[in-house]
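Look at the two complexes coming up: chain A is in both, with chain B in one and chain C in the other.
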Partner chain A sequence: MGAISFFTKRLIGIAIVVLSVSIFMFILLRSIPGDPARLLAGFDAPPEVVQQIRERYGLNDPLPLQLAKYLENLLTFNLGTSVRTDTPVLNEVMSRLPYTLYLSLASLAIAIAVGIPLGAYAALKKDSIMDYVATGLTSIGTAMPTFWLGLMLILFFAVQLKCLPAGGAESASSIILPALTLSLPVMAPITKTTRFTFLEVLREDFVKLAKAKGLRKKTVIFKHVLRNAMIPVLTVVGLQMGNLMRGAVITETVFAWPGVGRLVVDSIFARDYPMVQGAIFILALIYAFINLAVDSLYAAVDPRIRLGGGA
Partner chain B sequence: MRLLEIEDLSASYLIGKRKEKVLKKVNLSINRGERVAIVGESGSGKSTLASILLRLEPENLLIEGGKVLFEGIDLISAGEEELEKVRGRGISVILQNPSSSLDPLYTVGEQISEALRENGYGKDEAKREAVELLRSVGIPNPEKRYNSYPHQLSGGQKQRVAIAIAIALRPKLIVADEPTSALDVSTQTQIIELLNGLTREYRTSLLLITHDIGVAYDASDRIVVMYGGMVMEEGKTEEVVREPIHPYTSYLLSSIPLGNSGIKSLKMEASRRILQGNGSFAEGCPFYNKCPLSSERCSKEAPRRILVGNRAISCWKAEAEVVRNVQ
Partner chain C sequence: MMQVRFDSLRKLGSINSTFLMIAKTRTGLIGISSVSSIVFLSIIIGVISPYNPIKGNLAEALRAPSLSHPFGTDELGRDLFTRTFYGARTSLLISFLGAGLGAGLGTILGLLAGYMGGAIDYILMRISDALLSIPSILIAIALVATLGPSMNNIVIAIAFGLIPAYMRLTRGIVVQVKNLEYVIAAKLLGLSSMRIMFRHVLPNISYLSISQFTLDLGGAILMASGLGFLGLGIQPPYPELGTMIGTAKMYVGLAPYLIFFPGIVLLILALGFNLLGNTIRDVMDPSSRVMMK
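== the complex of A and B ==
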């Protein structure tokens, strides 16, 4: 399999995924009750004004026609204008995107930096107290709802200790609580997978042989066990990207973080169809490309994928 | 001083709360430059014995007693640091399955030279030596193969690489645990020839673990026959194969597939009863159930080790015969 055909295939796959998500979002949005024109004009506005707004945003057209127009605009990367703010959707989403990326990356970094060493340590000290603590923490991390954890952290650090801001993005320390909140549900599966695959790899013949040929324990663990264990962990990290984006919507709302997640929530309440559609479109696109990047990382780690099957 | 001396080694596997005896007072010694083969079927404890030599035994193995003296150091009581010094330089190992004994993520060259680097070689020196090692185990075009990954090599070539790793630091003893079982017959012969050549060249001792008495015949000076965790018969390879004393050795000689081995010319006659089970007999002789010559005593008392000429035997019937001959 050549590298070019691999990427062509994946790009076609991404196009199909993003298109499907867009169509699904379009239908879903219009199946929730509420009229954007009515919301925008206010409840006591005269019917003519509401009608005018409908005309302006094409809300009077039959749904298939609206969908066709929407998809046609997508092809030229025209995401339309917000019903609520009357600004181009793309500009608004792009101005919010850095906040979401910052939050997601910070959370992912925390999850990886804590999860992988914790899982590895638990595996190396299997059945010790540390192992039980790590395993217990991952169970709690999986079970705890994000919004609740966020509220508890606000209560403790912002209300009780008053050492960290409860929300917003004004100061540099504002990132800490939302990033912690968002990292926990991602950290749990990473820790769990690392522990499990570490235990598997430790039982492999090549680890036995690495010890037998006179390598120091440190070399055996960091060079041979860790790298082999990272392949399944990479898969889990890739899968967690979805978790991360879903979590971002909740976390940004709880902490009033001005990211795309909160923009989506606010826009849903305002029935701002173009804004919701545009934001979801951009998020889906990013998600698909991150997955592609993760898949490409396999090749970097594993020569069997990089060089293809041999003898 | 012998190179390796195993004294009364006993061990059990812990399976849940149950203990399964796997080695029963095993005695074995290897001289410098000597090739010893342990022969036995699966469950005889031979691979467990091999794994104890490098102290890389499975987690659930409990060593209950005995000593493993390597150049006078007891490996059973040795600390991790001492063991790290013995591994690679003193004793090295070749495992059964060459496909799983190499790390799939590193080139074969790297897997040889990392062992050299960690034991005093410089970077370039290690690489040069690794290429030479690949050449000496018969890998064609070693400079190029140095950069190959394990999945790009055939099973036989991978086992050659494993042998190169095993001889890299010129160890005094190589433990080869079923080194040819995963290979096809013609490759088997080549690997055995390679092992014979290398051990002769470097005067390395070899402990060969195999279920195939034919392979043992081709690659050993002395044979140790194990069954049910006990050494049944031990002696010079040629003598044991020509004239087995223990009923189990006779059984083994008559029932094995002969393959390509030089043993083919030897036709062994032995009466046998084929029964299932691997002989974890609680008190008596482990071979009691299958033995065509068993007596009542065999079911109650484990046979003791007696020396007959060059041979060590654990068998009541053989012991009785020796006593009769003396009288």
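== the complex of A and C ==
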């Protein structure tokens, strides 16, 4: 199967995902107990406003027609206007998106920069102190409540030492604490997989041969072991998008970081349903496209992976 | 390969020997002891604590840890030790129910898909694909935000994120098992599909879901407390570990123990469940044991 049909297939997949997300949200909004127009208007709104909203959102139309209109709007990226600020939802989400991407990329970079060398070192010096550190970090990293870690870092660095800001995004150093917080749950699986894969590759015959040939240790590790261990490690890095997104929503709330995750949470409490819907829609869309990009990357790195094969 | 599966099945059949094998490993022992000590404390907290978890004494507000209040008191003068273990009880209950519902529904749907095949299989698996492609935190937030943060909705929100994994897991093994002699024999005896699925196939494959369930408990408790922290979980004044940390976050400089103690209990619980889950998986499925080395 060629590259073109691979992408067509995946794009159809993305379309199905987006469609199901939208229908899911549509059903959710319609299953709210009570009148959606009253919810959108706010509980203390006068009846004329509620009536106006009912007409504006076409809530008097039959349900299938409402669904069709709703999907048509999504297709043209017309995500509606915010109930709170009366600005287009899309603009607000797009202005917050760079912050979420910056935070996620910084965390991913820390996780990779620490996780891969640590996992590799732990495998090379199996049963050493560093190996126990790596294994411990893996277990604790997986079990760590992100919000608690964030608050503990604020307590230590912002309240006690007063050397880093506790929140916001005003200064350049504001990124440090949130990025550290978000990197831990991502670092744990990367370290674990690197260590495990390195141990596997170190047992391979070609590594034994390279050593027996008298190659220098450095050459064996970098040229033979590292290259062969990279595919599983890359896979795990690619699988971290879900982890990153979950962490981002919580980390942004802890550190008052002005990203999309915090926008979702704030909008929920402001009962700004169009904003909640729009932001979740955009996040799901980005998630789907990143997954497509990651899958294509494997194919580029490993010629054995045929595009379109298997999944 | 099937031989391996039946071996593990035998181990599951004798609960005693499974327990012994788990307790024999170091990680299993740490997992069991940390989880069971917190579960034990959260069961007996009503007996050992003289304080009310919801009504406080304002004159005693924000006291640092002391002999009479080992974890200190919160902004409303409630004993934090009492609230922490009542909170752990809530968190445990939500994650057990949520992971249990997800595992149960996912297993049944996967069984249906795998055994029935055809259109049912196709539709069910496409639904699972769609669910898998949305990050579970977004599903949970959307559900709880629109339907309201009641106990039922939080449990459903957690279950939703887990269902597709169990569907795939179960379907995968059912497709193999349904061609084995005992299933064919049951068919030849003229038993109904329902009876074969639930009386013959399900008992033979449930060990997979059970070991996955223990692995998911740690994640479920983090999800439940994460929702609580965001204000989308159990609502105050009722104690839940995430909710407690969320309401205490403004006191981070003034009374850090309000955040520290519930968080430590949460970390120990999640860590314990993860270690326990890994050990149970290794004991029940020897093919994954290499990961331990």
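FYI, the second predicted complex is superposed on the first by the 257 of 311 C-alpha atoms of A that agree within 3 Å, B and C clash if a C-alpha of one lies under 4 Å from a C-alpha of the other, contacts with A are read in each partner's own complex, and residues count from 1 in each chain.
Following the convention adopted for this analysis, a contact is a pair of C-beta atoms (placed from the backbone, for glycine too) under 8 Å apart; a residue touches a chain by one contact, two chains touch by 3 or more.
These numbers come from a predicted model, not from an experiment.
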| item | value |
| --- | --- |
| Contacts of A:T219 with chain B and chain C, given as first, second, both or neither | first |
| Which superposed partner A:V260 touches (first chain B, second chain C, both, neither) | neither |
| Touching partner for A:L103 - first (chain B), second (chain C), both, neither | neither |
| Which of chain B and chain C A:L182 touches, first, second, both or neither | neither |
| Contacts of A:I112 with chain B and chain C, given as first, second, both or neither | neither |
| Partner with the higher number of touched chain A residues, chain C or chain B | C |
| Chain B versus chain C as contact partner of A:V50, first or second or both or neither | neither |
| For the chain A and chain B complex, residues of the former touching the latter | 204-206, 208-217, 219, 223-224, 227-228, 301-304, 307, 309-311 |
| List of chain A residues in touch with chain C within their complex | 13, 16-17, 20-21, 24-25, 28-29, 31-33, 139-140, 142-148, 151-152, 154-155, 159, 166, 196, 199, 241-242, 245-246, 249-250, 253-254, 264-265, 268-269, 273, 276, 280, 283-284, 287-288, 291 |
| Chain C residues within the chain A interface of the complex | 126, 129-130, 133-139, 141-143, 145-148, 218, 222, 225-226, 229-232, 242, 245-246, 249, 252-253, 256, 259-260, 263, 266-267, 270-271, 273-275, 291, 293 |
| Residue ranges of chain B touching chain A (in the complex, touch as defined) | 54, 56, 80, 84, 87-89, 92-93, 95, 97, 100-106, 114-115, 118-119, 149, 151-154, 157, 162, 165-166, 168-169 |
